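Below are two complexes that have chain A in common, paired first with chain B and then with chain C.
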Partner chain A sequence: MNIRLSPALRTLLPHRLLALGAVLALMLSACVTQGHLEPTGGTLRHEGQAVVLLMPPDVELSELTVGGLVEPNAEWTAQGLSNVNQALADRMRRRKAAMIPYDAPVGDAGRAHDHQQIMKLHRAVGVSIIQHKYFEPLVLPTKKDVFDWGLGPDVQMLREEYNAQYALFVYLRDSYSSPGRVAMMVAMTVFGYGMPGGAQTGFASLVDLGSGEVVWFNLLLRTTGDLRSPEPAREAIDALLAGFPL
Partner chain B sequence: MRRLGSVALLVLACSGCATVGPVEDIQPGERPSLETDEAGLWMYMDRMETALATSGRVVTDPALNAYVRDIVCRLSPDYCRDIRIYIVRTPHFNATMAPNGFMQVWTGLMLRATNEAQLAYVIGHEIGHFQRRHSIQRWRDARNKTDFAAVFQVAAAAAGAGYAGSLASLAAIASILSFSRDQEREADDVGFTTMANAGYDPEQAPRIWEALLEERDASDKPEQVVFFATHPSTEERIGTLREQAQALIAKGAPRDAGAEKYKRIVGPFRDEWLRDEFRKREYAETEVVMNRLLAEERQNGDVLFMKGEFYRIRDESGDEDRAIEAYKAALLGDGAPPETHRSLGLVFWDAGRNDEARASFAEYLRAAPDASDRKMVEAYVKELETPQ
Partner chain C sequence: MKNIMAIAVLATGLSGCALPYFEPLEPTRVEVAGSYTVDPQIKWSRGKTQHVEIWTVDGPLLESVRFFDARADGDPLLVPGPDQTLPTFKKDMRASEVQEFVVDTLSASGASRVEASNLRPWDFGVLSGFRFELSYVNQDGLEYDAFAVGAISEEKLYLILYAGTRRYYYPKYRGFAEAIVASIQPAA
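And then the complex of A and B:
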């Protein structure tokens, strides 16, 4: 009776979340198209200055152990999240877009629940986009030449509650090889074997809170970067938001 | 040959060299400090919990949740505020405990327990995992052993014996699993002591394992009973628990099983959870579960109705007659639902006994005049009345 014991349990837990890290790591070495995506012929529809609601960035920093386990690190994650928030705020200020951070409704469990559902839906949609738009073997014939993903009109609740036209969702995973792992990687290279190290992976979407449409999407996959320090975090956000329309 | 020998020795050493030091029990209200590996594990499980909390599979019924919460608090007033319960609708026997205090109780477990004491024993076992910080111990154990296996792989590669690297990985996995079984034994002890101290009938602890064993023995695919993978042999557990229980009872231990209250609060969910079991299509096991429920309440028309449903859905040779027999017994028992007539009608119809089918459908419409499927059943009757 433990948390990692059965396949049945895994169907209950948000295994997409577990799988996603693995999928992204795999894609590092696979046939992946890079570059941001926008709806076919789609332009942003807003008047005056755009207001962007920043959904809570889903950030996790981990250490890759000698044996290849990914060990989540709470201290690095707290630091990384703070750097990511700062970098996002700076980025928006530079572009003169107004950004308001998401604030969970206090004392309103129903609303908080609905917001969580939107975040879970976004993650599911994001995973579909990555699988079927970026990963060539899985590109769907009906989606090959179009980009028409969305979260549906329920996201309008966020527009009304936060008075924003768009919502920005950010997902980032960053892992670093432990010193022992680095030594191993070097040793294995000497003997002619490859051994993967840490990676920086993630994706971001901009969602129109009127239509629910994903109006911009980008994927980040690389073996460099470090969210633990402000400067590299800023660089990571610039890379993640490459081609961002605001 | 000599090389192989030394390799084997190293593989063996792998399971012994990486030991995990003893860990203090968690204190009520304690949170690990941010720089520790334990904080990383908590952070990860916090995320899991947030996702599960909004899952459609969580049973939100307030009375049921309050009941399970009360059991936790009765078992462990100290940890009661640190543990958050999620009743998860899934038709398997299990409960889980995460290091940050989030506990899952699966409906398959609640369906199989026949009284509060049996559920309390399993919950006590989960509290044992929390109290003894088993998750972080297991993580450290896995990390050490996979670290060692990886170092060994490099050494093996250097020696030109790449196959030995895979052997080391296997040894590491086996060793990690055996560590997990030791933890289960420890949690068993805590679970038993906790439930007995709280005044629950100690004899109920082995009962829940006996039930599980009976299911496994009936199963066509015993390996599919997910529970057995990481747990010590059930026979061993039953033996130990029986002895412990007898010793306590001889000393005049309280014998509260809480069967009546359990039936009152959990009973209303039984049919729904049984139908979840049917959907697994693992009928041999489900039949055992159902017969246990029937043994508790032989005259219960509702359970007899579900027995009929079981045979109607399984639909193997002879099941038509078994279903008809069960439905008829249900109608003679107490509290058979009106749907008994409808199901009886469907089985009669299938068997070509059209007059009886028509009569049963008519009886259903009399017993449930406002049924939402009235129009559909009326159409059945009409079809049965039309000469072929």
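And then the complex of A and C:
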């Protein structure tokens, strides 16, 4: 059994620990810019209803141990992935874009490899955007006043294979304190120390499959949420896609 | 998955603020590694970590030119992490052994499927040096291409490495990187 801080437990905790989330948020807000990013002037170019290819969401749920190790949990991850897929489908039904799910190539190792490399490149681009655009001490002078990251022309293969104009990439990580860590967190407050619990982090990108440009990007970074349950997962997707242009 | 761990670093906010930052670099000739000058060609973001100067436009995870400080006998190319052992430079290394030294350093730093090819003589400014091409994948399985140019002078190794993701970023700046290493001149 693994738990986030329940409301009942919160009532038992000293104010120092109660304030941990707020302190962490303040620490982050001192360094991290919030809000979604898109190229100046916008670059959405399509006629009629946009068709968006939903790339396989990259989701992993983990347990945060007493020692601070993040241990992936396969059962939670499967549940979280299912909830995220359902939340994305529900969300897109309410939007003006047509969403088609990615279907991995079968029997074509070369294409499958190319697709995998595009997804890995997206991960590297997403991490770079977060490091060098959101996180103020690491902002690159070459990116200070522009937002022009991309995945390059290779993404055109996805446009041709799926007849889509855009691709939506979603990356989510969620961690939950083990009972032992919660006990340690409580004990540490007695000695006047705060100890971080689980966190929900992730990012989403909308990529133009013609130009390869990242035309919209958002970061999710918080100490609340739970992808293991459908309703909180839906709320997490709504937060991640806040300001989504389609 | 070291790059993905960056997300965790951001999430905790524990160490990110202490990381080195980047300064703007204009496209005018500049001294690097305390030893020689190059023409940057374009604007870069310039950062310095221990023993290595890094130039990037989109981020070091995507592409970078790395100028290593002159390495003397017994020096590793990079500063080893805790519990990490890195190969060391030997002053009497031949070019093929330097290539092996770079390959072993990349492998020990977490890269896999590291392959070097096309080792050949190359003029490192006024020094007679060498050049070779590299390919590898990072810990997330993302494919990279790279090239290295270097020379040994007065028992010290001078090395420049340009690396980027095979898809998009390596070819995007390769022409500029080629022009940079072709512009090496001794520092005044």
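FYI, the second predicted complex is superposed on the first by the 215 of 246 C-alpha atoms of A that agree within 3 Å, B and C clash if a C-alpha of one lies under 4 Å from a C-alpha of the other, contacts with A are read in each partner's own complex, and residues count from 1 in each chain.
Everything below uses one rule, namely that a residue touches a chain if its C-beta (ideal position, glycine included) is under 8 Å from a C-beta of that chain, and two chains touch if they have at least 3 such contacts.
Keep in mind it's a predicted model, so treat the numbers as computed, not measured.
A.B. asks: Regarding the shared-chain residue A:L140, is it in contact with chain B (first), chain C (second), both, or neither?
C.D. replies: So A:L140 only meets chain C here.
A.B. asks: Touching A:R228, do we find chain B (first), chain C (second), both, or neither?
C.D. replies: After superposition on chain A, A:R228 lies in contact with neither partner.
A.B. asks: For A:G180 in the superposed arrangement: first (chain B), second (chain C), both or neither?
C.D. replies: A:G180: touches chain B, not chain C.
A.B. asks: Thinking of the overlay built on chain A, is A:I130 touched by chain B (first), by chain C (second), by both, or by neither?
C.D. replies: second
A.B. asks: Looking at A:H36, would you say it contacts chain B, chain C, both, or neither? Reply first, second, both or neither.
C.D. replies: In the superposed model, A:H36 contacts neither chain B nor chain C.
A.B. asks: Which of the two partners, first being chain B and second being chain C, lies in contact with A:A74: first, second, both, or neither?
C.D. replies: After superposing on A, A:A74 lies in contact with chain B but is clear of chain C.
A.B. asks: Examine A:T65 and indicate which partner it touches, taking first as chain B and second as chain C; both and neither are also allowed.
C.D. replies: The answer is first: A:T65 touches chain B but not chain C.
A.B. asks: Thinking of the overlay built on chain A, is A:Q117 touched by chain B (first), by chain C (second), by both, or by neither?
C.D. replies: After superposing on A, A:Q117 lies in contact with both chain B and chain C.
A.B. asks: Kindly list the residues of chain A that each of chain B and chain C touches, one partner per complex.
C.D. replies: Correct list for chain A: 116-117, 120.
A.B. asks: Across the complex, what residues on chain A touch chain B?
C.D. replies: Touch residues, chain A against chain B: 1-3, 5-9, 11-14, 17, 60, 62, 65-69, 71-75, 77-78, 113, 116-117, 120, 180, 184, 187-188, 191, 193.
A.B. asks: Mind listing the chain C positions that touch chain A in their complex?
C.D. replies: These residues of chain C touch chain A: 3-4, 6-8, 10-13, 16-17, 19, 21-25, 43-45, 56-59, 61-62, 140-143, 165-169, 172.
A.B. asks: Would you tell me which residues of chain A are touching chain C in their complex?
C.D. replies: Residue positions touching the partner: 24, 27-28, 30-32, 70, 116-118, 120-121, 123-125, 127-128, 130-132, 134-135, 137-143, 149-154, 173, 196, 199, 201-202, 212, 221.
A.B. asks: Quick one: which bits of chain B touch chain A in the complex? Just the residue numbers, please.
C.D. replies: Per the stated touch rule, the residues are 34-37, 39-45, 47-48, 50-55, 57, 88, 90, 92, 94-98, 104, 122, 125-126, 129, 134-135, 138-139, 142-143, 145-151, 154, 157-158, 172, 180, 183-184, 187, 226-227, 229-231.
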